[in-house]
Amino acid sequence: MDKKSFKGYLYLLPSIIIMICFTLYPLVRAIIMSFLGNYSIINDGYTSIGFENYQALFSDPDFGKSLLNTAIYVICVVPASIILSLLFAVLINSCKKLKALFQTIYFLPYVTSVIAIGIVWRWMFNSNYGLINYVLSIFGIEPIQWLNLPEYAMPALIIFAIWKSMAFNILIFLAGLQTIPEDLYRAARIDSTPRFRVFTRITVPSLAPMIVYSSVIGMIGAFKVYNEVFSLFQGKAGPANSAMTIVYYIYDKFYNSYKYGVAAAGSVVLFLIILALTQIQLRVTGGRKGKN
Amino acid sequence: GQSSTQTPETTSDAQVTEATEVASDAATAADEAAATKSIEPTEITFWHYMTGNLEETLTALTDEFNSTNEYGITVTLVNQGYASDLQTKLQASAAADALPDLTQAYNNWLTPYLDKIVHLDDFVANDFDNWDDIVEAYRGECSEFGFVHAVPFNKSTYVLFYNKTLFDELGIEAPKTWADVEADAKIVKDAKGIAFIGYDDSTGAIEATLKQNGENFVDETGALFDTDGGREAFEYLSNLYSNGYARLVGEDGYFSNVISNQNIASYVGSSAGVSYITAEGWELGVAPLPGNKVNAANMAGTNIVMFSQDTNKQLAAWEYLKFLTSTESTSKWAVSTGYLPVRQSAYETAEYKAYMEENICAAACYEQSKDFFYSPTFDASNDIRNSVSPAFEQLVLDKADAQTWFDTILSTINAQY
Amino acid sequence: MKNNRKVVNIIAEVLKYVILVAGSVFTILPFIWMISSSLKTPAELVQVPPALFPEVPQWLNYKSAWEAAPFARYLVNTIIVTICTTAGVLVTTVLSAFAFSRLNFPGKKTVFSLFLATLMIPGEMLIITNYETIIKLKWIDSYRAMIVPWISSAFYIYLLTRFFMQVPESLYLAAKVDKCSDFKYMIKIMVPMNKQAIFSIAILNIISSWNAFLWPLLVTNSQEMRVLSNGLVRFQTEAGSSTELIMAASCILVMPIIIIYLFLRKYIIEGVTRSGLKG
Amino acid sequence: MDIRIENLTKTYGNLNAVDHMNLCIKDGELVGLLGPSGCGKSTTLFMLSGLTTPTEGKIYFGDKDVTSIPPEDREIGLVFQNYALYPHMTVEDNITFPLINRGMKKAQAREEAFEIAKVVKIDEYMKRRPSELSGGQQQRVAIARALVKKPQVLLLDEPLSNLDAKLRVATREEIRRIQQEVKITTIFVTHDQEEAMSISDRIAVMKTGVLQQYEVPQTMYLNPANSFVANFLGMPEINNIEIDVKDGVITANGIVLRKGVSLADGHYKAGIRPESFFVDDNGAILEVNNIRMTGRDLLIFTKLGNTNVRVLVHSYMQVAVGDKFGVSVRDGHILVFDDNEMLIGRF
Amino acid sequence: MDIRIENLTKTYGNLNAVDHMNLCIKDGELVGLLGPSGCGKSTTLFMLSGLTTPTEGKIYFGDKDVTSIPPEDREIGLVFQNYALYPHMTVEDNITFPLINRGMKKAQAREEAFEIAKVVKIDEYMKRRPSELSGGQQQRVAIARALVKKPQVLLLDEPLSNLDAKLRVATREEIRRIQQEVKITTIFVTHDQEEAMSISDRIAVMKTGVLQQYEVPQTMYLNPANSFVANFLGMPEINNIEIDVKDGVITANGIVLRKGVSLADGHYKAGIRPESFFVDDNGAILEVNNIRMTGRDLLIFTKLGNTNVRVLVHSYMQVAVGDKFGVSVRDGHILVFDDNEMLIGRF
């Protein structure tokens, strides 16, 4: 096999070229930027080299708040979304006749314009005539000021985000479900396996690669949450910035405050956090990866 | 951030030096223009974010210029999406050295690349029809970086929109002073249980309130309102909110939606937003902002900035700018878009007068045009805007007292330098 | 006891459909809302409480939306960009995923981690640098600029690698014995066996490139090069927006995707078989 | 549990994989299901297990019509032809899986799994994944998984095909033992007739979906219902010859095979098993064309007139190609068939 | 093409799946590879095919060291134990796949595929997917796929395990024919000794990764190198007994089995195949404990002293449980082993 050992790179070549030009190069530039004081992207000027940006970052209470919010967001959204998506994917997959219909319906949110989604969810969360408060009122719960009060901004965002990420996960899981050999289900039926156990012991382990994928990608995506905030709170970070997330912070620093260095430092911090967590995640889940 | 306070001066010094060099180039071009006035046919790109009716009007004006100018200048309009998209694209283009010849821009977009802007002082001095005719506040805004960096274009102001039907019913008039506001608000609150007033732009509200009390908000040295007048202003705001006379827009997004549904009696918003108010079953009234010691009203909207490096193009672009800011063009623009004319003389044209007759909003704007002020732009100004608004919201939600208002806003601002 | 089980099964079945239908309603609500809003008058849009359906459908909204911008031209551009990008993505993704899942080469793990790492930086940070690159390449205002940077995605590569790793090793071995080159194995075995996953990637990419907004706006300057999503902003200003027109335009924007989705889905799913492998 | 199959049919497209099958299996019996590849054996088992819905017909377990009862409620054990092990579980988990499904405690399940694993000799592999096992080891895991739950009905689809002869015998004996101990009604698909013969209470032979004969093994061997069964059973294969009967004398290509039979004169098809011949110097004299050693026997290829015939003799007989030797057919070992290939008599 | 295996070893963890194996196969020979389940047969084939890299040792095809040559360059045909058919391709595509990979025209490939499909009798299923075939049909597709390319080396891993006896014989004959026609060096893993015996030029027997004996079939059967081989070959299994030799007389539990042998006095292990006995009224008198019919033979369970012994007799012998009968052992059929279980003589 030795003589072919570099053949793999031939296959990777197109991707690698694109990646280097359009991801790695800007990434490296961003990392460098983060160490330059008062860097200006316009003329590449800077006044110092060092950790100034990082100091600025960590002394900014807004950044701390955005870190905390993002952490809460990730912890709530990723597992919930995966569990729900898995459930729905399996339910859809088990329908014989209406499968195609459900599959299409559950996919629709993914194609629907972000603006529409934002508007509808704002309506659903509306304190006076929103659907959610209406449902809650059936259970005798007082109307909640989802979008008006800081303490409900994150919960609202999280609910919205779980819903929004489900279409993607369902799509992936449905694709994954098709690769599970029918025989396993046959064997499970013969073994009189209760439905739930079929789910936990056959479906979930067989889908493990997709679940790992979804959780890794979901986590990366959740850490980078920005659009959801933007569309739910109409371009703001929630009442009194209560739903400020890291990328929102970075974006703001970059495009509105022109603090390129600080924004870059924020990105690097974010990058490192995600890197560390995905590594842990892959270690943990990779341990029980079985080959065919 | 505290740590970054030391260094910016060095950069801006450097920028100023460079900018001066560019300025001398421009001066030559302008001198030439005055002397010879020969311009080669050329194409000028103009980036904007105007859409719909605004874009149509702009296109019509530009077509007119393209077909009538004697030099064979063609101006190409390029729509660059939303204002924020244009901002991003300008920033990227500045970095890539690919700026357009002309663009719409807010002053606060420009700080990172001030040195790329063509200085227009000489053009204004040598080849402009009565610069003083331009509304004073606009002129000030267009030269706040120490040189004339832009000419005003789509300008608007903050006015008070109110539910005239409701006012009439309760027998109140549009408030002229803070005291009126408080009095009217009590009546409305007692009668209808709804808030009286709201502000689309909360930082702007603080700034205007201070101005109305004869105080200033901030400049590049820091907050300026640590005075008795300043405290009074916050007392006023604090009272409005804690008494429920004023409210936040919250989930409705824009007060135009709130007033459309008659959930508020009046609000302060941009005159450009009048078309988004749906007055069904009630009548809309527009009034100048109420004042206290003095009257003062925020203005809004962009100016046009020039980046062309080529002398000929600069001359050509200047021809276009002169055209756009002419009395005739600006009144045409104003009439069909609802923006404000940039020239005092435009208010006097028959065309615009007729327009004001039937357009209450324009009339209100005109009425307060002498009271316009603009927000100064400096390194921390964006951060101040961005951090004051959430702080404002938090204060409202906390029903904070005047002292807390004052302290919080002050410390929030000081943290940005 | 068995009867109990039967009852439980029936209840489970019913419950399943109840959940699915409830979920469906919840899921398509935005979609329905989008359509119904596109047919409302401005007054109906802000009405309290909101009505799910307009009293009189305002079909004119569509006309206005369509005429607000040269959408026909935008459509052509969008199609060109979407097709090229998606084709490119599929090619690079299949190639890379295959390399990562079946080939051995030094540094594989490192390269893979690097690919994954590129996903972890917020894209907002990269845009300006990439714009500069496009300017330096003199690609501004061209299809290339809109396509090339997007024809490779670590996101999809990672996904497909996962799927490829699911294919039993024994098929790879069988193919090798059958004198099948790696490349051919990829084309003839891996790709057809993972049709469903590749379809998913295609559809995900079609959607994202169809909806791409900021990048096309940045790298183009002329109306002739703009794409559909750029047309959507025409109904919004700083001071407010014409929601009904935005919604109409959004519908115009997503309809082709839904049609493509339904079409591709039918075509591709039909070909999918479960593997009847021993062991 | 008795099993009764009535008119069972499964159609794929226009192919009847199983064609109006009727069968009764008594409680605790072990039935060997035999037939050529593709004759519908697996399909029959799949229908019995409930995994495949019959196109037509009914299945009764005891008195109960189970035709529309799902597999999980049928209390069956099934060894799949392709094993269908759970690839992500260890051998132990694979085996304990059905037990834990029935709510057995983990510890006890593990114990039982270990017991059964010892029976099929895979106890040392309990912690491995199926992919780390050899083919035969996987198959044994599949057997263990089916046996461990001591089902009411056990369906085995070629469960021993990948085992070596010794293990095969040992395993089938164990299956037989457990089956008899627990009285599990069992259907055992195999392509190995010797296997079927040696452990089955009864044998069912199928051909292209149609049940040909259902009998006690020895009877079926000696008394096949038709030419197909005669041909199918027995290895080396039966010799198919054409015979003429005249005045009670059976001749094949003019060579006399038997005298004094009571059969109408005429031309018939007949079958004689290779081992039905015995060396007899007074018999027909044939020439050795070829010899093949098959373990303990010698298979002699020769010609009866111009019909090729295989004769089986003990391997200690010393013969060489070209030698002549005399043979006769044992009494009652000439199977005579009618035009429809049905057996009409043994002479 | 000659195949030479030198010191071939494959280690999984601390298990030697194949252990320092040495083997030479002559060009065009067919070697049967036998051994208990899990002894390393598949592993050996995988190493020969290049799909598994040996931990140690070398493989030569002809004079060429192919140890590190990838499978696609080895010109081999391989039938996998689990078939490994391409599930998304029709039978036809599966079979033509290797041909088209070598650049053959589609039309011609199809023709050749059809030819070979006819040989293994799957020509009517050409348009089906593997999942629509029975187990045996799938296996035949796998055989067709390996044969169709007429490889230089053919490796078959239990290729007939799911076929019924008749088809099995027919198919193996066809494999043998093609193999001899094209002179393909072939290794044939099977658990069926009769099969191995009947078509192999030589047989290799393995045990837990170690090659035990490599010999011509008949020789191996009659002259096993050790007790393991003796036990492994032959069905029903050989009888393992303990014998005492005193003054040239072999006794087992006091019963005289042979006289006048030249073997040192002592206690030995010995093996006697069930069919090595013959009915001899002058021989030892034994009692029938049990009888089992195995097709054409009767297997009698009896006791030689207190050692259980199986004796095979022709099925026409009339015996019943409890009957007594006399047997002797054929000359040279008592296999005597030393303490290391190696054969020391046949008496």
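Chains: A, B, C, D and E, in written order; residue numbering restarts at 1 for each.
Basically, contacts are C-beta pairs under 8 Å (C-beta built on N, C-alpha and C of every residue); 3 or more make two chains touch, one makes a residue touch a chain.
To keep track of the chains, here are their UniProt names: A, C = Multiple sugar transport system permease protein; D, E = Multiple sugar transport system ATP-binding protein.
Just so it is clear, the model here is predicted, and its values are computed rather than measured.
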| item | value |
| --- | --- |
| Interchain contact steps from chain B to chain C (minimum; 1 if touching) | 1 |
| Winner on C-beta contact pairs when A-B is weighed against A-C | A-C |
| Centroid distance [mean C-alpha coordinates] between chain E and chain A, Å | 58 |
| Whole-Å gap between the CA centroids of chain B and chain D | 93 |
| Multi-partner residues of chain A (each touching 2 or more other chains) | 1, 41, 181, 183, 255, 291-292 |
| Contacts with two or more other chains, residues of chain C listed in rising order | 48, 128, 168, 170, 274-279 |
| Multi-partner residues of chain E (at least 2 other chains) | 70, 82, 135 |
| Touching residues on chain D, where the partner in the complex is chain A | 49-51, 70-73, 75-78, 80, 82, 84-89, 97-98, 101-102, 129, 131, 145-146, 149 |
| For the chain A and chain C complex, residues of the former touching the latter | 1, 5-9, 11-12, 14-16, 18-19, 21-27, 29-30, 41, 88, 91-92, 94-95, 98, 100, 102-117, 119-121, 123-124, 128-129, 163, 166-168, 171-172, 174-176, 178-183, 195, 209-210, 212-213, 216-217, 220, 223-224, 226, 247, 250-251, 254-255, 263-264, 267, 270-271, 274-275, 278, 291-292 |
| Chain B-touching residues of chain A, taken from the complex the two chains share | 37-38, 40-43, 45, 47-48, 52, 55-56, 59-60, 62, 122, 125-127, 145-150, 234, 236-237, 239-241, 252, 255-259, 262 |
| Chain A partner contacts - residues on chain B that touch it in the complex | 1-4, 7-8, 10-11, 14, 84, 87-88, 91, 94-95, 111-113, 115-116, 248, 250-251, 253, 382-383, 386-387, 389-391, 393-394, 397 |
| In the complex, chain E residues that touch chain D | 12, 34-38, 41-43, 81-82, 132-137, 139-140, 157-158, 161-169, 191-194, 197-198, 217-218, 221, 231-237, 273, 275, 292-296, 312, 314-316, 330 |
